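Next come the structures, one after another.
Heads up, the next two complexes both have chain A, just with different partners, chain B and then chain C.
Showing the complex of A and B:
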């Protein structure tokens, strides 16, 4: 079995399995915990309106913007770059369609008649480069900023590593880095994605799910009180 | 207490209250460090140890090791070492001296984590381990045993009421068996600002309310909440609830005290185990309601005023506009600070910090933020609606020989009542 065959076969299957089981385990471990009913008389009976905090907290209040602008801008840059690259790069879309056909016998076009949109390769390359640059900037900031340096741990650095690696290996494969065989570069790319999937449930990457729960929970509590969101 | 027992008690007590919401918070921090920018202790020192989420570090460690979904893995591979008593001792200063539980960081956190709520929970653990500043422990014990942290026992309160009624020629009903409104006071007001007691009586009498003080439930201060002693918190809360039930009160009015509002308005029913059979209002909410209904007749206060938002009443309590409505009824020119309302800076004395004198030096540093904020407004007088904030301001004023005096909204209203001609 070649490295690419491993990456496309058991490597992919196992990493996806660990990802799904791990994410479910962690989410169930949180959501199956008891929660006490709040018996206080709500100021605002429509407490569900507090769920707007999920959207509101996506950008800091004007009063807080000064000290956090770097983190916000860089955060948005690498998240947007990463997600657009992941979901709109032609080979990725073909890959997801292939996986979809393997799992449910059809793809989005077969289901809806609409093709998944894609971005031109040049744009995706630029987005991936921006994403890498932003990730490097946040890493440097994490190392030089006294607050971030103090509160950082292995999870922060390893999660950074597994996030940036697929971008770097993807760009290397696209650019046929150093004239290496494409199969080898593709295998490295797939393995780096699999590493991300395996680490995902155990570290801070889980915030992709918990962010909605944390903001929502706080929103509901604060809205009940009429407190500042 | 042996060290091992201290740690075990701390962790058991911390983990005991753990529910879904706290677990979501513990699982969500991405270590972005933005909360530091919201904390007044970090703002004035630029010391990273004051980063709000760092104040919870041993508790995060304990959560991951003992309670989280992967706790078994963390323990088996010792990925998160056991929390030691030395580590908890180091964190005592961060949990009690440099956090006023003001919740400004909770507004900042991009993940939406209510960091202040977690600090309160961490205090439960610290209290159980006996790792609490002595002064805070002492006043909590005094409150638990005598009914008041500052010695305002029922006898002292009764004597004070008689003296105040006599001195100020105001009727102060005590221990009525049937009253629509039960008024409560904070110990700071009883002992340090007795004019607030008189002001309460004057306003209630002016409004013609059937009201009373009760000697079996008058003290709204709840050091159990501040210290992290849940049993004491419950005991003090139940006293008020039982007094209100005894006199069949429809409304309980809480005094100008921030954490008293949190303790009864937002936590009272949960301590009681069922919804409260009466309405709970902060005095500013009550006054705003009366002003809105046209019942509160006030003379104009012809001054420019700035309002200091008490964190537990405004940011975390939700009574954001009520004090401003009262100021409007007084006819003042309101000059808002920047930032204001939910994002206003804390006075630095909340969360029991003003009662913990080893924290004084640090607290004075944070107080400079308030001085600057107030001076920037150019207002003639600052006003607030929390006796604890007021005490912090008075102390800061004396320390810095600052020529600005904090005023009580309640007392301003009482001083500007339009008395009936009859």
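Showing the complex of A and C:
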């Protein structure tokens, strides 16, 4: 079995399995926890309005802009670039369509009549490069800034590594980096994605599934207590 | 080794000097040698004695033999193929059975240590009776013939990597020549079938210089297997622009766009199809409108469906995903129940 065969076969199957098991384990483990009953009188009866925090936290507060602008800009640059690369690059879309056909017997086009749109390779390349640049910038910032350096642990650095590696290996495969054999570069790319999937549920990358729920829960508590959002 | 030179033989077949030099130029370039080597190739080839070649077909479909002997008609390449002293090839020779075997044994004896052994087809390692020639099983016949060979050419993906007979469930335990023979130089000329000019180029180099070509990690001549089909594909610009055929009869297919979405294995397949082409340089599968199936690579038959895009991989099935969901949900519920119990215990304490 070649490295590519392993990456396209058992490696992919096991990493997806671990990803699904880990994500569900952690999500259900959190969501099924018993919440302590709050016996205090709510300051604001319409506590559901606290859900506004989900959106509010996605935008910088003016009074803190000076301190948070760098992180906000880099965060958006990385996330937008990463998500567009992930969901709109042709080979990725073909993968998702194949998974969809395997799970429900059809893909988006079969369901809705509309094909999943894709981006030209040149644009995806640019987006991936922007994502990598943003990740490098935030890593440097994390290392240079004494406070961030102090509160960073292995999880932060390893999560950064497993996130940037698929982008780098993907670009390398696309560009036939240094004349290396394409199947070797493709295998590296798939293996890096598999490492990301395996690590995802057990590190800080899990925030992708918990961030909005956490913000919503915090917003509900704040609203009940009458705190300013 | 015959006393007749290759030059004598070609002249006897009416090949002109001009055609001979044209062939030498093309072969020199195909082998990755500088064009200035052409006069040396021509001089050496003309004077070379016809080498003894023993060709053993094992678990094969005769496609490799067809490819070499029939594909181009009476070209110089096929004449070079004839120019070797092909002492044994039971598909092509008139003799059969014990008579043919005696010819093989005599040729091996006369040229012991000097003959070139060509093998096409894989070798069954299960029951010896799966494939026999005149009562001899393939494995022992290969070992015996390889013992006296100067070098071996494993012709086609079956001989080079096990090929289709070795595909799952592999009922015969099929293996490649290199899996059996460890002490002889082996050149793998993979493909299902291999390109005729590749085998004639290997033979020409051997006849001319007495050497074998530079090989890649899989034992294939680098001159022909050095780049992927995707690298040299004329449809590559469409891939770069993101223009793909979605089906075999849509507008993209008619416009000749890239066949990646239709499962083309060109990006991971090393062969010279896109440059040398087939049928006297007429075309190759992608030019004919079908994606590459990666037949020159090991395990190509089991490497996912031919019509599934390369990026899809073998991610599993609804069953494996369902099982993962079940296990994940059970673990989540169990861990939450445990946490709740701890909460209650803490509150009760």
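Operating definition for what follows: the second predicted complex is superposed on the first by the 229 of 229 C-alpha atoms of A that agree within 3 Å, B and C clash if a C-alpha of one lies under 4 Å from a C-alpha of the other, contacts with A are read in each partner's own complex, and residues count from 1 in each chain.
Here is the rule we go by: contacts are C-beta pairs under 8 Å (C-beta built on N, C-alpha and C of every residue); 3 or more make two chains touch, one makes a residue touch a chain.
Quantities reported herein were computed from a predicted structural model and do not represent experimental measurements.
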#### Entry: Combined model on chain A where chain B meets chain C, clash or fit
fit
### Task
Would you sort A:217 into first (chain B), second (chain C), both or neither based on which partner it touches?
first
### Message
Applying the document's definition of touch, where does A:45 land relative to chain B and chain C: first, second, both, or neither?
### Response
neither
### Message
Quick check for you: in the superposed arrangement, does A:110 touch first (chain B), second (chain C), both or neither?
### Response
neither
### Query
Does chain B (first) or chain C (second) touch A:17, or do both, or does neither?
second
### Query
Is A:121 contacted by the first partner chain B, the second partner chain C, both or neither?
second
### Task
Scan A:5 for contacts with chain B and chain C and give back first, second, both or neither.
second
### Query
Which one hits more chain A residues, chain B or chain C?
B
#### Entry: Touched partner set for A:29, first chain B, second chain C, both or neither
both
### Task
Compute the least Cα distance separating chain B from chain C in the superposition and give it as a whole number of Å.
5
## Note on the structure
Both chain B and chain C touch chain A at residues 25-26, 28-31, 33-34
### Task
Over in the complex, which chain C residues touch chain A? Could you list them?
228, 230-231, 239-242, 244, 246, 260-261, 267-268, 270, 298-299, 303-304, 308-318, 320-321, 323-325, 327-329, 331-333, 335-337, 339-340, 343-344
## Note on the structure
Listed in rising order, the residues of chain A that touch chain B in the complex are 25-26, 28-31, 33-36, 38-41, 43, 53-54, 57-58, 60-61, 63-64, 66-68, 71-72, 75, 145-153, 155-156, 202, 204, 206-207, 210-211, 213-219, 221-222, 225-229
### Task
Sort out for me which residues of chain B touch chain A in the complex.
18-21, 23-25, 27-34, 36-38, 42, 46, 48-49, 51, 53-54, 57, 68-70, 106-114, 265-270, 272-276, 279-280, 314-320, 338-339, 341-343
### Query
Across the complex, what residues on chain A touch chain C?
1-2, 4-5, 7-9, 12-13, 16-17, 20-34, 90-92, 94-95, 98-99, 102-103, 115, 118-122, 176, 181-183, 186, 190
